[in-house]
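Heads up, the next two complexes both have subunit A, just with different partners, subunit B and then subunit C.
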Partner chain A sequence: MTESPLVSVRDLRIGAVTDAGRKVEIIRGVSFDIAPGEILALIGESGSGKTTIALSLMGHARSGCSIDGGNIRVGTHDVTAMSEAGRAGLRGTEVSYVPQSAAAAFNPSKRIMDQVIEITAIHKLMPRTEAESRARTLFRALALPDPDHIGQRYPHQVSGGQLQRLSAAMALIGDPRLVIFDEPTTALDVTTQIEVLRAFRSVMEKTGMSGVYVSHDLAVVAQIADRIVVLKEGEIQEVGTTKQILNAPAHPYTRELLAAFEPVPHVPAGIGEEVERKPILEVRGLSAGYGAIRNGEPVAKVLKNVNFRLERGRNLGVIGESGSGKSTLARAIAGILPAYRGSVHLDDRKLEPALHARSKEDLRRAQIVFQLADTALNPAHSVGAIIARPLTFYHGLRGAKCDARVAELLDMVHLPAALRHRLPSELSGGQKQRVNLARALAAEPELILCDEITSALDTVVAAAILELLKELQRELGLSYMFISHDLSTVEAICDDVLVMYKGEVVEALPVARMSAEAAHPYSRLLISSVPQLDTGWLSGLEQDPELVAAFAHR
Partner chain B sequence: MLRSKTTWLLVGKRLGIALITLVIVSFAVFFATGLLPGDVAEIMLGQAATPEAVAGLREAMGLDRPALLRFLGWLGGLLTGDLGTSYVNKVEIADLIAGRLANSLRLAGIVTVICVPLALSLGIAAAMWRGTLLDRMVSVLTISVISVPEFMVATLAVLIFAVWLDWLPALSYGVNVDSIGAMLRAYAMPVISLSFVVSAQMIRMTRAAVIETINTPYVEMALLKGASRPRMVLIHALPNALGPIANAVALSLSYLVGGVIIVETVFNYPGVAKLMVDAVSTRDLPLIQSCAMIFCISYLSLTTLADMIAILSNPRLRN
Partner chain C sequence: MSISSKTSRPLRLPTPRRMGYAFSWTGRIGLAVILFWAVIAVIGQWIAPYPPGDLVGFDYFGPISPEFWMGTDYLGRDILSRILMGARYTVGIALAAVTLAVAIGVILGMVAAVIGGWFDTLLSRLLDAFNGIPSLLFGLVVVAAVGSSIPVLILTLTAIYMPGSYRFARALAVNINTMDFVTVARARGEGTIYLITREIFPNILGPVLADLGLRFVFIVLVLSGLSFLGLGVQPPNADWGALVRENIEGLSLGAPAVIFPSIAIASLTISVNMFIDNLPTKIRDRSD
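Here is the complex of A and B:
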């Protein structure tokens, strides 16, 4: 670097006060530079402090946090020494921010245009008409549909992918020198992610702005960043160019991150080939939906005539974008949402459509594990009580026997028995998901419906959960129905794949033949959209524009 | 702003629910008052009355008809503005109530005009500068006001301003209100006492509702765009907090018509609440029923209005 850096951070220290009133240091002496025009990625798991560092570049610390030491310089401004009013003057004009969830970051009660050009109004940069025409130019550059009128809509009237690009327009309107992207594609489907990434990259290349790209996804970062900073627990582990980090990682933690990304081919469980496998789960012509029932059919039909068989000891992956009906399928099989047509058979026994009509034994045999352990675990109950409840309900265990079984189950999911006295809020994300799993195991099920159970977890943690699932399958002879939007996760654990699109199964294949033989255009688009750990992947990616237009409408 | 059909449908639905509730409430009021101990005819005729005389009076008053018929007749009367005749002094109830209701509404109106803007600004300001001295002072003040019973506030006000200092008249009704100054003096004490009671809740609820929206990502986004705190709160947080605030205001204000009996008594102010208490002590059933209906209607219309504001301020229902 010959030019003087645009941003320099020296020995940054940020402290936080915990709920218990204890003061902890969450960023411990971080230093880095960003050259003009360079895009720097901050990579790390949740809790590594990457967002905290990014926000500190704008002089902002979330409530409970404070910048305690070190020095941040952006351009000629010393952010750490500025007054709050001075920092406000910096935000939007020098440094701007693209949020993680644009859906949450847009004010629901104001039109999109008013929010996109708000920066120009706050800082009195230009008259309104000029700002609006500038916004429309940005909408075009970001490949948004109907750029002349999209600004007149309210946030809930456009899709998530569009909102994410609109939030980039909002960040770029004030012509900042540095743009912070805070996991901007994490909440998007893979097919949508590509378009958004492309739009971001082309705009950043054209304008020559510097960027900070916060993400936990190395493959995404590989497409957009020049250099990568690897963070763990508020400390820098390794800094290097993208190529060096991907090809020659020096730090063990970086290697661990990369290893978690490597696909682990799934070896089908079961010893030897049995002559005839009986299906544990068979679904015939299943249709389900939401809303008021008219003429025996719900108003909003989600699932349309779904058929499949899952053989005992095998795993079925269900894949598709958000809104494709994956979760609805799990809910209909579990009976939470009774199907209005079709049938679910467990071991050749037809199940009642509605949960309350099923026998306790039927309930016990098929358990569901939800995506968000945070909301699935009662925050007021201890881990022990959460796991003990199905033990009492299904098996009538009480007292010492029940306690012993809870300890056993915790051991099964590799959690220390001492954790039973803790509340869910005192556990990490991975630990919570393990408790969630232990609760399902407590029923001693034969089939577990896993609804996106690794989606909210970091790659390393998610890989460990997948390992655990495989191990449990070997020991207990379980079958999984594994719902995910992530093809590589499904490949890592499943034998067969169902591809869902708009409530229908468009393709059903053994997973090993998926990438080679998938015939449906949507499956092909899905396969080609999974980011690869290769800096040239996005540039070299050629997708049929018609295909994209037909299926990646979000 | 354009509203979609769904919005109007929802508003219509809410109005329908309010009407149905009103019918149910009237049913409850009518039969609950019927449960009051004692027979009206016996009470009116006194202990020495012969059973024949009591039966005759019951027949004359229509009390021997089935309860449901009496209810329908009463409801029909309500709808046509015929509230019946007082058992006690044979005056048309409509006439009895009219003057009292005007008094109550006047007092409530004055308190509303003073309190709502004051409480909202204090609540919003406290939320805007959360954790500052201003916020803490407002918090301490509202908590202490909520904790002090209103008869204490009212009595102390009379003791200090009327008895010791002799600045204000102890009674607010019947004093000379020719000039604006005199009227201000006459209403000052009841208005202050009532304001204390109703604004404390409004301030606290407004502050909580605004703080809740301040903690959303889109308000943080506004901060990261360089917006000042007032802009963040007034432009981004407040419009999304309108629903809960309207509900808090409605709940507080609904107290002003029916719940002010203590203040009316202390200042000897002839409002509806006092009328109702008098009616209960004389077992004047038609009067009790009419007063109860007035309280219910005022409560219902306020909450309905608040819900409609919440529906109309929901951006997801806009075109």
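Here is the complex of A and C:
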């Protein structure tokens, strides 16, 4: 290499002390370089150390962690040898950071402009008026609407995608040489993600800064990065240009990551060859909402007149962006949020709208599984107790019989029986979601409502959970209602798809004909917004601007 | 399709230490002091060298001597004996009152959080109104009306501290109540009692115990206040707070009569907090 790299990391080792006082090495001898103007992506599943490495470039180690060895050089600064005060001087001016959750990174009680230019005030870089005009230039470069006045607003007055771009402006204002993006689009809807990615890419191209882009999503990384570092458990598995990693992966782990992206077309589970299938779930004219009830209708109406049928042994996918009412639909069906109009029929039996009015038997037959396994499992109960409760509650099982059934259920979700003594906090994310499923299965339901159950998981783990769901369906003849914001997940498991937009079903189609026949403009926008594993996808993407203006809340 | 060996931690046997039920030396010292005073509260009567009400010294505010290990008070009574007897009133009344206040407050708070609606509103406003009555004034009226006795003192102190405990527990329970695992239990069809005892209570136990420690200290102080007004423990017996106050003039004389009851109060209240702050992690913070 003729040009000397901007950043060079050599044999980086970061250790952490666990709650039990054990010392573990979380980054083990990582080395890489970043050339000036280059964007390097760090990719891997959660726990692979990608964020830890990114933060170490600022000389920062999260509490409990410490940089134990190796050396990091940024420009002419040796970060590892610097004093803490020296590192503080580096942050914001040489290296800056764009966090995952912009909503959490902004102070809700201060105006956006004051926060964006804070770096210039801290490092005394320029007078306030100059900083503000600089910020407005950045707002324009990031394609923010009304760049001259957006700074006067408060964080809650702009959308999530705008806030994420504003946090990039905050990072760029000090004219750093290296910008760290820590999963900046992970929390955004696909339709919003595109605009944010475009803005990031154009501003990075214009300024010629180097970047580190941390993500677990290969398709997103493919759009923005020049080179990719694949990480697993604190070690580099493979380094290569984006094209090489995507087209000719050398390492088995990279191939596994790519394979998890391959759409696996869903083959409907054929349970008997009945000519006429009976619907397991039928929803007619369902309307539900939140808030005080006035004239029999809640103030905030979320669901508006939803109709669909789900046949026994088939799976229904519900997609839509956040706020479209998908989760509310699941809650209304489960009775957690009583619907104020319309009806839910389970196997031709009309269900009462409110939970407490339903019989135990009705409740048993439809189980709900939530997105965040962390909050869905009581941290004070052992795995065994969590799974045993529905057994005792619905089937009256106790003692040895109950224990045997718990072991059986754990086996069904491919967890070792010895896990039953653990507390939820001692499990990995994928394991928790399996326990969550086992608890639903313990009731011996006919229908499982899955509310974004794979969204919080890594691609590889999520693929395994989907595989498990299919297997359970073959064995137990279950039906799923599968809620997701991710079209490819729905394609992998569902037979039919409902597209929801602002509380209404705008499209209902068999999944196989989805991409070809979707007629509603919002469905089309959603389909075209799903990132592809192709470096040229974002540049080649052309979306109807009117469509975007009408449906995407950017 | 398998769980990779890396994602599952090695299996281990659940011993108390590994389950997180071991606790630090600070906590152990605190517990030891609390147990010490609890034992004194029971056996103090028999190990006291003199009857607590008898004038045994010839001098008031007598110094430490082989006869009177902690000196004598303003009437020439043996301080050691009075502290040993006072333990019964201070530790006994405060412990009984704090247990009752926190138990009632926590149960009502969790019920209000789970049931919600008008029940919650009614109970909260009622107890808020009750909280508005000055605590000493309330004690004064009650004791004046029904006379001072140990059960009346305990119930009065309980009534004074229950609303605060209710507020605290309700706030915690409302947060837990919105968690998905409670929603799952509700969707399963579980009743209020199960939700309260199995889903919510284990998750608010840590903060509730910390609150109990703080309330215990306050009750010791209010008990002293009541004794000062002549409404607390009746002479010749006295709780520690009363001992400090009746001998306060001795402070300028450097009399041990005022120092030792103060040390007794400090040792008890500090130990309670040392113990509560160093509970096993499993109880203190279930989310760990």
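The definition used in the following text is that the second predicted complex is superposed on the first by the 549 of 554 C-alpha atoms of A that agree within 3 Å, B and C clash if a C-alpha of one lies under 4 Å from a C-alpha of the other, contacts with A are read in each partner's own complex, and residues count from 1 in each chain.
Simple rule for what comes next: contacts are C-beta pairs under 8 Å (C-beta built on N, C-alpha and C of every residue); 3 or more make two chains touch, one makes a residue touch a chain.
As the structure is a prediction and not an experimental result, all values here were calculated from the model.
Once the two complexes are overlaid on the shared chain, A:His156 sits against subunit B while remaining clear of subunit C. Of the two partner chains, subunit B is the only one that A:Ile122 touches; subunit C does not reach it. By the document's definition of touching, neither partner reaches A:Glu130: not subunit B, not subunit C.
With both structures placed on the common chain, the touch criterion links A:Phe106 to subunit B but leaves subunit C unconnected. Taking subunit A as the reference chain, the count of touched residues is higher for C when subunit B and subunit C are set side by side. Contacts of A:Asp411 after superposition on the shared chain: neither subunit B nor subunit C is touched.
Within the complex formed with subunit A, the residues of subunit B that make contact are 215-228, 231, 235-236, 239-240, 313, 315-316, 318.
Those residues of subunit A whose C-beta lies close enough to touch subunit B in the complex are 55, 58, 60, 62-63, 85, 88-93, 96-97, 99, 101, 104-110, 118-119, 122-123, 154, 156, 170. Touching subunit C in their complex are the following residues of subunit A: 19, 233, 334-336, 355, 358, 360, 363, 367-368, 370, 372, 375-381, 389-390, 393-394, 414-416, 418-419, 421, 425-426, 428, 430-431, 439, 443, 464, 467-468, 471. Note for the complex: subunit C touches subunit A at residues 1-3, 6-9, 11, 14, 179-181, 183-190, 198-199, 202-203, 281, 286-288.
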